Amino acid sequence: MAETVLETRGLTMRFGGVVASNNVDFKLQSRELRCLIGPNGAGKSTFFKCVSGLLTPSEGHIYMRGQEVTGWQPHQIAALGVGIKTQTPNVMDALTVFENIWLAARRFHDVAEATARTDAMIARLALGPIARTDVGMLAHGERQRVELGLVAVGDPWLVLLDEPAAGMSAEDVARMSEIIHDLTRTAAVVIVEHDMQFIRAIAETVTVFHQGSVLMEDHVDRVMADATLRAVYLGKKG
Amino acid sequence: MHRSAKQETLTTLTVAAGLIWLMPMLIGTYTLTVLVIYGMLGLSLGLIWGFGGILCFGQAAFFGLGAYTYAIAAINIGESTLPMLLAVLVPAGFALLLGAMMFYGRLTDVYLGVITLVVTLILFKFINSTAAPHYKIGSARLGGFNGIPGFQTLNVPGDPDAYIWGDAYFYLCALTLVLVYLLVSWLLRSSFGRVALGIRENETRMSLMGYDVAARKTVLFAIGGGIAGLAGALFANWGEIVTPGLFSLGQSAEIIIWCIVGGLGTRFGPVLGAAGLAYMKFLLGQQSLVDNTLITGLILVLFVLFLPKGLLPALTQLWRASIGRSRFGRKPQNRRMRRSNHG
Amino acid sequence: MDLSFVILIEMLYAVATLVLISAGLAVVFGMMKVINLAHGEFMMLGGYATITATSLGVNVFVAMLVIAPLIVGLIGLVVERLVIRHLYGRLVDTMLATWGLSLFFIGAATMIFGNTTTGISTPIPGFAVGAYQINGYNFFIILVAIALVLALLAVLKGSRAGLIARGAMQRSDMAAALGYSPDRIYMATFFCGSALSGLAGAVLAPLVGLVPTSGGAYIAKSFITVIAGGPALIAGLISSATSFGIVSQIFTFAVSPVMGEVALLVAAVILLRLMPQGITSRFFKGKL
Amino acid sequence: MSLNRRNFLGAAAALTASPLLPRAAFAADSIKLGAIHDTSGIFDAYGKPMDQAVRLAVQEINAAGGILGREVEVFAYDTQSDMALYSQYGQQLTRQDRVDVVHGGILSASREAIRQTMRKTKTPYFYNVLYEGGVCDRNIFINGVTPAQQVEALVPYAMGKAAGKKVYILAADYNYGQITARWIQKFVADNGGEVVGTDFFPLDVSDFGSTLAKIQGAAPDLVIAPLVGGAHLSFFRQWAAAGMKGKIPLASTTLGVGNEQKVLTAEEGDGIMVAYNYSQELDTPANTAFKAAWAKAYGSSDNIHETAVSTYQGVKTWAKAVDMAGSLDRDALIAAMESGISIDGPSGKITVDAKTHHAVLDVHLMEFKGQKMQVIETLPQRQPIDTQAVCDLGTNPNDNTQYEIQI
């Protein structure tokens, strides 16, 4: 019986008079991979920020592995063993690749163990040649990969990724898919994504957001075939 | 990592010993003492600003608090050991409270600047208006604008009549600075220091990695406050009087200028900037052709415009560019100011 | 009755003074996101410009309202060209550079005018309210502050230049896209901001003894007022000046002028702790 | 500018210790006089003329053949209105330059910053400034007026000019102001008056609007305002601007020390009552000669003020005592100073009080008129009664305290 690692009940977020996220109920089983899609302004990013602690929801509850985490700070949520990656590459530019990943590992392990895990992660991500380079000097795709390394090195059981494939080359996207699949061996993964190509490549179940609410939730192929969705998605996005 | 740390400590000790031996032949020890103390004060801001990204417009508050704590405690106790300790703990505690208030309130850059500036002003205005006789802590009158003179100066622990002053006091201050410097180096090499660097670079990312950013910044801020307090106590012993001027914005400004000129993100830069600029001010007091404030201001503007990284990083880069390239063929790769020695 | 009227006037005067000393800083910060820490020294220079012009025989009101703003505005223009424009987008660096400029101006003024206190006397006589004599000049300051706010409103809302400026305030690239050089806009804004600082310094000059370090007394207060006001220029300026002015005057009358100043500072700390982005980030959203 | 250059050259010459002037007339080694004043920064209005006074006095001494046949050489430092630099230059003077005497210090804080250094190194120290009184230290000589000397004379005179007996006090919030306010309270009571309010203002307060309202609420017959510095000057402006002048008379123990009578307009200043040891308007031969000498050396005598004159007189008194002692030995000098020595300076006769090392001097009651301090009446040879009440170096030569005089 799979454990529910993430659950929201009646999650609502208002900004002034605007309801960005409206009464969202959401459930995620362990080692499940779920993509959140929807047009711009559909509320998926707001949902993501609420779950990762960057925003405190106006109403509703968030549970992780059965524990209520509503209103927790991001660092408290991350400390549970949740890996989070925000939209734009979010790394420490003036530090080297090694230092970036080492800092993430050090949060959960002692110095020797953190160093060993960092080396392993660098090898796994094929970052070896640039391990001693400042992240600020790297290309966009490499930075995204480094950030994925930060997320993965802590052995999370839940991973939240906001547009991991944005602005990447096809080659980078392929490598990214591989890493994400790797992650699902130990963790449940939530991905907010625009890139349908990428979603088709990796997703099974997707949740579609529209105007702050969950419009539908189904297997990717059925969702893609759905006429309502087409109207919503393509109508808005053109 | 261990080897390089040991090597660096050795280098620090050698250079320090050389300077402590050489400098008294060039400059009077009395002046040197205050340069050393300012160096420590510069280092305190260099630590929290250069390595923690916390721009504090009120470092003088901790400096003044350390000096006043020492003076008040020394008058009441009549022996200097406990007052010295208090002079570190009280400013550190104050910084801890202030830091917690600011960082848990998620205040950043400009807003942080305003709060630290305002708190310094409040302290200054308060201390400045304590001339009336009822402002007393124990048997120590706060003295308002005139400050507190005539307190017990540093003595050999346990023996209040064995004063440490003159040359001995210079060597003591210099040694203390070396110790603080090594302590800061150790701190920055430790995981705590590396995390602080990470926070300086990207707070959000670090908190998403599970680090309690507010707590870490608060602790770093308190350490900086404690070092500034120590410098303040040493300064009180040197000047044998404490005045509200220690809390002034002008004093805060000078500390910031020292760091900018010396080089942010380095440990030695702020020390160098502090000692160098303070000595320049001392020399300028012996002429009256050009106003000293004008020169200080000009230096600050020129550095921000043309050498924003400060002297030390610029010199290091120059050194690497000329010597480093020819001998090791390694290109300087750091975009910003810091180098790390992991692994 | 007389006393309460006097207190009311003093409160209005305190608010007006805060508006006046903060306006220049607020314009520059609101439009350009530049904190000009030499603002106090611009005020000091405005004071000296007034005194010098008056001693050369210029009518004191002309000196205060025309000559001082013009001269300080021009100084600001030079500063913008030489220093500020190299630092756009680097908030902390501009703060440090303008702090350096502030020291530079103090030194320069010391070399030119000396440290001896100078000043001019108030050009408006006092008058009686019941048993109390009131400084008539206070009314002049209140009037100038009101006129200043109205003028700012008119310019920002009513004129083409204001429209462009507001656009630049929101997004600097948009103004550029519309064919206006942001460089020009910034230059003009800094000129206006400096001129306002000069005006404030000039208008306040008759009330205080002027020395080259006079600016220091203003910069902290205006800095606090502007930051606590938050993103909306005029609404922020008025709301924070009003809150701080009233708080400080209550404590001034109840306790002492020092406690008034301390109360202002404490209020600022509490306010920023509660509303880290300033008053108008919570209230008056999207207003000017 | 020429003045600045002279200062600079003077300092440079002092530093290299090789004056270019012909020195054949003097014995081989000169007498070293340390001078330490704020000649830049916010206190330079006080410090610059004091520095000039030292140089003028030394110039005159050397022109008359020096002291003990030796030339006097000035070692001057500018403390830039920074208290930390006092400690620094104080050490420089005593340890490095090894001067024979130090004149200087302006604020009480600056005096306290160097007093112990002077005492430890046995360097005689002359503090030539009016101050709050109470310093009791055998190594220091002070020739400025203390509050009791001023207030004792000023209060009865000012109260005589007032319509009633109610007095309001506005004082600078630091040591000097606090102590002076207490002396005013005492002398007001002694003269049968009543103090209806006392307010203290830190030195940076410049807005007195609320204070004006408060004073009017209390409706006093006389306001005495020992306010200090540039910011406080605005009180006198705002007082006049509100039309209070002519309604309630005003007295001060500080206004005019920095030549403030020249900054206020005649309309603002006229009628304010003060009491000092010196006014430029003193019509004595000594003062006329002094002003002429000053004008000859510095171009104009406009910037002479009380502390400059005190400094001038301090140097002259020291020179006389060294001559009398016949040596530069500190204890011989102190003995000579304690012998009841006196000089006739621009401000009148100055006698050293052996018991306190303070000065017995003339206090002149004055009123501001047309940007000048007109002398109304001279009270000759007033004793420093406040310090005398607590300090007796004759019976207790090792005393080293600044007493807070209980009134």
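Letters A, B, C and D mark the chains as written, and numbering starts fresh at 1 in each.
In this text, a contact is a pair of C-beta atoms (placed from the backbone, for glycine too) under 8 Å apart; a residue touches a chain by one contact, two chains touch by 3 or more.
Just so it is clear, the structure is predicted and the values come from calculations on it, not from any experiment.
Seen from the Cα centre of chain B, the chain whose own Cα centre is farthest off is A.
Once the centre of each chain is set as its mean CA position, chain C and chain D turn out to be 38 Å apart. Centroids built from CA atoms put chain C at 33 Å from chain B.
Per-chain Cα centroids separate chain B from chain D by 37 Å.
Per-chain CA centroids place chain A at a distance of 47 Å from chain C.
Within chain C, residues 110, 258, 261 each touch two or more of the remaining chains. Contact with two or more other chains is made by residues 40-41, 173, 200, 202, 204 of chain D. Counting partner chains per residue, chain B shows two or more touched chains at residues 125, 129, 291-293. The chain pairs satisfying the stated touch condition come to A-B, B-C, B-D, C-D.
Looking at the complex, you find that chain D touches chain B at residues 4-5, 7-8, 11-12, 15, 39-41, 77-80, 82-85, 87-89, 91-92, 95-96, 107-109, 112-113, 115-117, 173-175, 177-178, 200, 202-204, 401-402, 404. For chain A in complex with chain B, the residues that touch the partner chain are 52, 54, 73-76, 78-79, 84-86, 90-96, 98-100, 102-104, 106-108, 111, 115, 132-134, 136-137, 150, 154. Across the complex, chain C is touched by residues 40-45, 173, 199-202, 204-214, 216-217, 219, 229-234, 237-238, 240-244, 247, 258-260, 263-265, 267-268 of chain D. Residues of chain C that touch chain B in their complex: 35, 83, 86-87, 91-93, 95-97, 99-108, 110-111, 216, 220, 223-224, 227-228, 258, 261-262, 265-266, 268-269, 272-273, 276-277. Contacts from chain B toward chain A in the complex involve residues 191, 194-195, 197-198, 201-202, 204-213, 333-338, 340, 342-343.
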